[in-house]
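Read through the structures below before going on.
Below are two complexes that have chain A in common, paired first with chain B and then with chain C.
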Partner chain A sequence: MAETVKLFVNGREVEVEAGKNLIDALRVVGIEIPHFCYHPALGADGNCRMCLVGIEDGRPPLVPACKTPAQPGMKVLLDDQKIRKIQRDIMELELINHPVDCPVCDQAGECRLQDYYMEYDLQDSRMRVPQVTKGKRMDFGCGVVHDQERCVLCARCVRFTRQITKTGELGIVNRSDQARVTIFPGRPLNNRYALNIVDICPVGAMTSRDFRFKQRVWFLQKDEGICHGCSTGCAIYIDHHREKNGDDVIYRYRARTNMQVNGYFICDAGRLSYKRENENRQDLTLVDGVVVDFEQGIAAALEKMNKARRPLLLVSPDATLEQMWAIKRIATFYGATLSGYSDAYRIDDDGDDFLISDDKAANRYSLELLEIDRDRESFQAALAHADLLVNFDNDLFFSPINESLQRLLGEQDRISVCSHQLPVFSGSSVILPCASPSEYGGSIINRHGVLQRFRRAVRRNADPRDILEITHLLGGAISSAERAWPGIRQSVPVLRSVEPEQIPVEGLLLNNSEERDVGP
Partner chain B sequence: MRDRSQLQAAGQPFTFDAERNDEFERLCTRYPIRESMIMPALWLAQEQQGWISAEVIEYIAERLDTYPAKVYELATFYTMYHLRPVGTYHICVCRTLSCYLRDKQEIVDFITDEIGIKPGQVSEDGRFSLEEVECLGHCGTAPVVQINGEFHEEMNVEKLKAVLAHLD
Partner chain C sequence: MEVKILSARFDIDNAHRIDVARTHGAYRALDKLFAMAPAEVIEEVKASGLRGRGGAGFPTGMKWGFLPKDTGKPVYLAVNSDESEPATFKDRYILVRDPHALIEGIIICCWAIGCHDCYIYIRGEYTSQVKILQAAIDEAYGAGYLGARVAGRDFRLDVTVHRGAGAYVCGEETALLESIEGKKGQPRSKPPFPAVVGLFGCPTIINNVQSIASLPYIIANGAAAYRAYGTEKSCGTHLFGISGHVERPGMYELPLGLPLLEVLENVAGGVWKGRKLKGVIPGGSSTPVLTPAEAATVTLDYESMAAHKTMFGSGGIVVLDETVDMVRLVENLIAFYHHESCGQCTPCREGLGWMLKIVRKLLAGEGTVADIDLLRELCDNIEMKTVCVLSAACTMPVRSYLEKFRDEFEAYALDGGSPQPEQREG
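This part shows the complex of A and B:
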C-alpha cells in the first residue's frame, strides 16, 4: 500500500495516496474534479482551466488541480461559490463556438463537454454573434476523422502523437478563436496507435471512421475482455449490442486501463480485430460436406476418434489455459499425439517496443507451461504418421508460409473444431463450430507472464460451444473452466497456489524474470 | 485574426545559403533546447526567401530534428512570419486591444479603400501588402502601424496618407 496523506475536501476529511495530483488522488475516493486536458498518460498541461480549485493555505486564489500534488492537511475547496462560478465561466467559454449538435454527434453519451454542461453549467447561450466556423469531417489518416468546430483545444491528441507515438503528426495552428488542431499538409497520421486519439479526445472532435454512426453508445453493452491480437494481451472493453431478435454484434474494442499490461492504450490492429469476431464465422456443423445437427456432428467425430489408431490433436495458441488443459486431457484419453505447433502465428519484425508483439498468439506462454510440444519437425512427422488430425481452431495458415504442410494436410482425414471459415479447415470430414474468444471465458498468460482472466461477453443466437464443452462431449473429463483448475494446479508448479477467482483485475505476474520470448 | 493555416509551396526545395547557414550554426550553440531554435530559424529563412513556404517548414523541421507540425504551429501563431510572398511595402496594423479601441479599423478600412487590399492580401502591382498583427507593444501610442519594420505611432488616416505619399 502506497503512502497516504490526509487532507480536506469541502471540509470533509479524506485519505488519499501521497504524491499524486489532486485529480488522480481524489478520483480514487470518489471525488471527481472536472477536466479536459489532463490525462494520466500525458501528464498535466494546464491549458483547459476546467480543473481550477481553491486551496486555503495562502497560495493564489485558484490553482489547477492537475498540477497540484496532494499534501497533508491541505484544505481543498471544490464546491465553493467562486469555484462554481469559474466552472460555469469556463464552460461558457468552451461553448462559445462549439456547435450544439449533440443529437448528431458520434460522441454523444460519452462526451465530457456534454456531461460537464449538465453538471456545472445549464445556462442558455448568451452569444449573439455568428459562431466561428472551421473544418468538418477532416480525414486525418489512420481512420481518424476530425471535426475542428467541436474541438476544445485540450491538445491531448497533439501530446499523444508527440509523447507516446513520437510521430508528431498533429499540431495546433493559428491563435485565438482561429486556433485549430491539424496535420502538416500532406503528412497525415501515420502510426499504429492512432485510434487511441479517438479514445482520449474528451469531446466529439476526434471520431473513428470505423465506428462513426454505427451505433449510439448508450445502446452498447460494455464488457471487459482481453485482446487476442497478439501475445501482449491488452485489456479491452468489448462494446456490443443485440438488436431485437438479431444477433449480438460487436461494434468496437476500446482500451481498458491496466498498468501491468498495456497502460492506457491499445494498438490499432488489436482495436480493429473485433471484426474477426463478427465476420466469416463457422456456424454450421458439417459431416462430409453435408449440414447436420451439432449432435450428429459430435457423434460422427466420436466415431472417427474411436476408430483412429494414431490420432493427432492440434491445439491453438489462442486457446485459454483451461481449454488447453482439457485438450491435453482428452489427448491422453485417446492416446493421441498432442501438438501446439503454430509458427504461423508469428510475424517477424512486426513488433515494437511498446505494445505490439511479433507473436500474434494470445496464449503461447500457456503451451509452454503445460509442456505441449510446439516444434515444427515433430508436428510434421506426427502428421505424416497420423491417421486422423483433430484441429482445435489452430489456423496453421495465419500467414502463407506452410505450403508443404498444406500438401500433407490435404491427404489427411481431419476433424476441425473451428470458429471461423478458414482455408485450413476446408476439406475436413467433420467440422464442428466453436466459440470465438469473446464468447467464452478463461485465463490467458501474456508474453510477460501476466495471467489474466476474462469472462464471456457475447451471446449469439446460434450460440457456438466453447472448445472446452466440445472436448467434454468428445469424451473429455473436463466439463468447465473451474473443473480444469485442480488438474492445472497439480501439474504446473508456478500455478500451484493460484485461485482463478482471486486473480486481480490487473492480472497476476507469474514470475519476476525478464520478458520471456516463448519460442514456437 | 485570419486563418493562416493555408500553406503555400514555393515549388522548389529550400536550403539556407552559406551566410545564413553559418548564422544558423552559430545560433544553435546558444540554445540548449534544440526546438527553441525554431523561431530564429524561421526568421533566418524569411530573411533569405522573403516568406515561409511549406518547404521552409519541412527544411527547418529536418535541420532541428523536430516535427513539421511543430514548426507549422509557430509559423502560423506569430504574425511576423509571412506565409506567402509580401509586397515591397508590408504594412502591419496592430489589432490588439489598445489599437483596437483607438480606431485601428479606420486605418485598415482606409488602406482597403485606397490601395484595394484586405488584410492578408497583396496589391496587384506588388507594391503593398497588408496584415493585421498581434500586439506590437506600443499601447501607449496606439494605434500603431509598422511599415517594413519601421514604427509609426499615434496613427490616423491623415498621417498615414502622408507616410504613404513619401514612399517611392
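This part shows the complex of A and C:
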C-alpha cells in the first residue's frame, strides 16, 4: 500500500491509502459505502446521493463519500441513525418510480437496487400515486437495450461514452422526473466497447440483447478467465452453467478489473467471443473420416508419427506457454520440424489505442520466448518437404492470407489436434478433439509482456483433452502444466525465477527490456 | 419611506440611453474608481456592508476576497441576471430602466477583481429586456466605457451577454456557469467553489444584477453614505417588488430594516378591497411564509427575517389575503420547483414529483391525514440532501405552509370523504 492515513469510521480507527475518496479507501478495509453513480473509471458525479456520510465536527457535516478524500483524523459516521435514515430515504426515492419488475429483469441477482433495498431500506412502499412512465426496451444499438423506467439516472453510461470511448452517443434529456437517458435520433451507439455499458449500469436499465432472458444470473458460476480474442489478454469473468442433464454452457463474458492489463473494460468482440467456446466444436475423434474412440485416434496418430521420416509440428499462437513447451519437447522427441507460423492471426489496422490489438493471437509473445520459428518461408519449405503435418490447433486460415497454402496443405498427410471444426482441419487423416481455452489452464503473455495465469473454468460432458495432455499421450514427457515449468525456467532466462503459483492476479510484467525493444 | 439610489434614474425618460444616463450621473464613479487601487475598491465595498442581492445575502466584498492570487489564469465575472424566481422582478427594472448603472457597476467590479471578460447571463424569457441591455452595452462600447481601453485607461474589459434557455436552475451560480460553457444547466458539487474553479476552470465571481448596480453609488459617494441607509448588518437599500393582494403593487426602493406591515400599508396601500391579511411571502416563492402575527413584528432585513425562521430572499414580497387557498398555493409552488428541478440528484428529481402528486391527491378529495404527514416528512427527507438548494427552495416554504396552515390541508383530507386507499387495497 502507498502512503496511508488514519481516520475513524463509526469510532473505529482504520488505516487507509491516502489520496483516495472514502468509497475506494474504505472498501479496501472491508467497509462498503453504498453508491450508484460513482465508478472509479468514470469519476465522482455526485448525483445519486446514496453515498452521503456524516463527518463528525465537519463542515459541512453531511458529504458525498465519492467526492470526499480520506483525510487524517477524519471522523466518518456510517452506522449513525441519521445516516441510516438518509440511506433509507434515498432508496425510497430511487424506487418510487421504479417498475420493480425484478422477476423479468435480467439484472435481478446482481442489481444494486435489490441489494441496497435489502441492506438499507426494507420498508413497504408508501407510493400511493401514479408512477412516472417512460420508454421501454429501447434499441440503443450495439446490442444494448435500454429501459428508462428502471434507470436511476446515475449517468455512468453517459460518462462512459464521453470519457472512455469519446464517442458521446448518450445523453440525458429533460429535467426533473422526466429526465431520461437516450440517444440522438437516428444516431445509435456506435463504438467497439458499447457493451461495457451493460456491465457498469448498476441496475437493470441497460441490458445486453445477447444475454437478455437467457439465464438467471444466480444460476451462473462465475470463474475468472483471460480473453483469447487478441494479444491484449483482458481479464474476464466466464459465466457458465450446467443445466440438469445438460452440458456446461457459457452464457457470457464480463470484464474483470485488472489495472495492469485492461483496467475495468473489455471490447465487445472479446466479450462476445464466448460463443466460440460453445459453437462449432470438434467433439468427435476421426480416423480417415470414421468416428473412433479417442484412444483409437491416439493410437492411429502414434503410428503415423512413428512412421513419419520428416514430420512437421505446427503450434498455435493461442496455446499456453506450457502447451507450447510440451509441443516443443515432442518435436525434439520425434526429430520433427517445429513451426509457430501464424501470420493469419494478424489483422492489420484493426486495433486501436485502447484495448483492441491488431494481433488476434493470445500468446505470440511466448512463441518468441521459446524461440519457436514463426517465419512463413521456412514453414512453407518445411511443409513441402514434410511427410506428415501435425497441427496443434493453429487456424492457418484465420484470415484469408494463406489461400496459396491450401493446395500444399491438401496434398499433405495431416493429423489435426483441434478444438473447433474449421476448414483448415478438414481432410486430415486423424482428427483429435482438444480443449478450448475455457476448458484448460495455463499461462499466457500479452503483447505488453504481462504474464497471466488462468485456471480451467468449464468442464464439458464430452470433456475434451488439454493439448498438453495429448502431447503426453503422443509420447511427450510433459504430463501437466506444472511439470512444464522446470524446463521452461531453464531455457527462458526471463522466466528463470518465475513461480507459476506465485504469479499475482494482475499478472507479472516480465522484466525483459531487450526483448520488448525488439519489434512492434 | 422610499429612497432613490438604485432607482434614481428609473423614472427619467430614456434613461436607458447613454446620453440621458450620463446627463443624470452615469459613469461618474469611474474617475474616482481608477484613482483607487483594486484592493482599495474591495475594502470600500466591504466597508459598505453590501450583501449579495440575489437572495443569499452573502457579503459582496468578502466574496471578491476569496479569489486566489496569482493563479496565472484569467478571472471572470458572471453577472447573474437569470431572475426567475416567482414573485421576483427587481433586476428587470435595472435592465430596462437603467442598464448603464449595471454596466458602470461591472466596470467597478472588474477593476476590483482584475477581470477583463464579463458575462451577463440573462434569463431567456427576458426577450425585450435583452435588446435594451445589448443596445446599452453597444452604446458603452461606442462611448469607450467598454473595450480595449475603458474610459481611456489602460484597462481592457469586454462584456458578453449570454441568454439562458428558460431554466430556473440556471440562476444557481454553478448551473449558470455550466450553461455559459454550453453544457446542460446542472449545478456543480461544491467544493471547489467558483471563486477558485469557476467558468472554464478559472477563478470566477458571480454577482447579482442589483449587487453590481449598487456599486456606482458606493464608489461615487463612499461606503459611509451607503451605510447611512439600512441597519447595522443589513446596509443600504433594496428594490422590493410587492405583488399579490395589495392596492398598489409595484417596485419600490426602500432602505433595509423597515417594518413589513408599515411598508405594506404606507407604500403598497394595504391589503386590497379591505380584506384581511392571511400571510406574506417575504422574499420570493422559496422563502417560508409569514402569518399575520409574524408579519406584524418582522422588519425588512436579513436578521429579522432569520429570527422569524424565514429568509430575506430576493425582496419579492407577495401579500396573501383571506381568500387564498393555501393548498392550491402549495400545489402551484411545488409544480414550479418540480418542473424546474434539473433532475440530477435523486431526492429532488423523484421527490418533488411525488410531493406534487400527493398535493393533487389532496385537492382531488382523495387524500388522507397520513398523506399530509408524508408530505411533511418528505420535506425533511429531500432537503439538503442534494447538490444545490433548489429542492430546499421548495421544501422550506412547503413545510411552513404545512405547519402554519395545517388545518386547510386537513380540511381537504377529512372532507374529501373517500375511503383511505390503503383500506381499498385491503
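In this text, the second predicted complex is superposed on the first by the 509 of 520 C-alpha atoms of A that agree within 3 Å, B and C clash if a C-alpha of one lies under 4 Å from a C-alpha of the other, contacts with A are read in each partner's own complex, and residues count from 1 in each chain.
Just so we're on the same page, a residue touches a chain if its C-beta (ideal position, glycine included) is under 8 Å from a C-beta of that chain, and two chains touch if they have at least 3 such contacts.
Since the model is a prediction, treat every value here as computed from it, not as a measurement.
Superimposing the complexes on chain A yields a three-chain arrangement in which chain B and chain C clash. Using the contact criterion defined above for the overlaid structures, shared-chain residue A:Gln178 touches chain B and also reaches chain C. Judged by the number of chain A residues each one touches, C leads among chain B and chain C. Of the two partner chains, neither chain B nor chain C is touched by A:Leu302.
Applying the stated contact rule after C-alpha superposition, one finds that A:Ile86 touches chain C and leaves chain B untouched.
Using the contact criterion defined above for the overlaid structures, shared-chain residue A:Leu170 touches chain B, although it does not reach chain C.
In the superposition on chain A, contact of A:Ile31 is made with neither chain B nor chain C.
Of the two partner chains placed around the shared chain by superposition, chain C is the only one that A:Val129 touches, whereas chain B remains out of contact. Clashing C-alpha atoms with chain B appear in just one stretch of chain C from the list 271-279, 325-333, 361-369 or 397-405: 325-333. 171-172, 174-178 are the residues of chain A that lie in the contact sets of both chain B and chain C, per the superposition on chain A.
If you check the complex, the residues on chain A that touch chain C are 44, 46-50, 52, 62, 64, 67, 86, 89-90, 92-94, 96-97, 126-130, 132, 152-153, 171-172, 174-179. Of all residues in chain C, only 167, 169, 184, 189, 338-347, 349-354, 357-358, 360-361, 371, 374, 381-382, 384-387, 421-422 touch chain A in the complex they form. Every residue of chain B that touches chain A in the complex is listed here, in rising order: 1-5, 7, 54, 57, 66-70, 72-73, 76-77, 134.
Residues of chain A touching chain B in their complex: 158, 161-162, 167-178, 180, 182-187.
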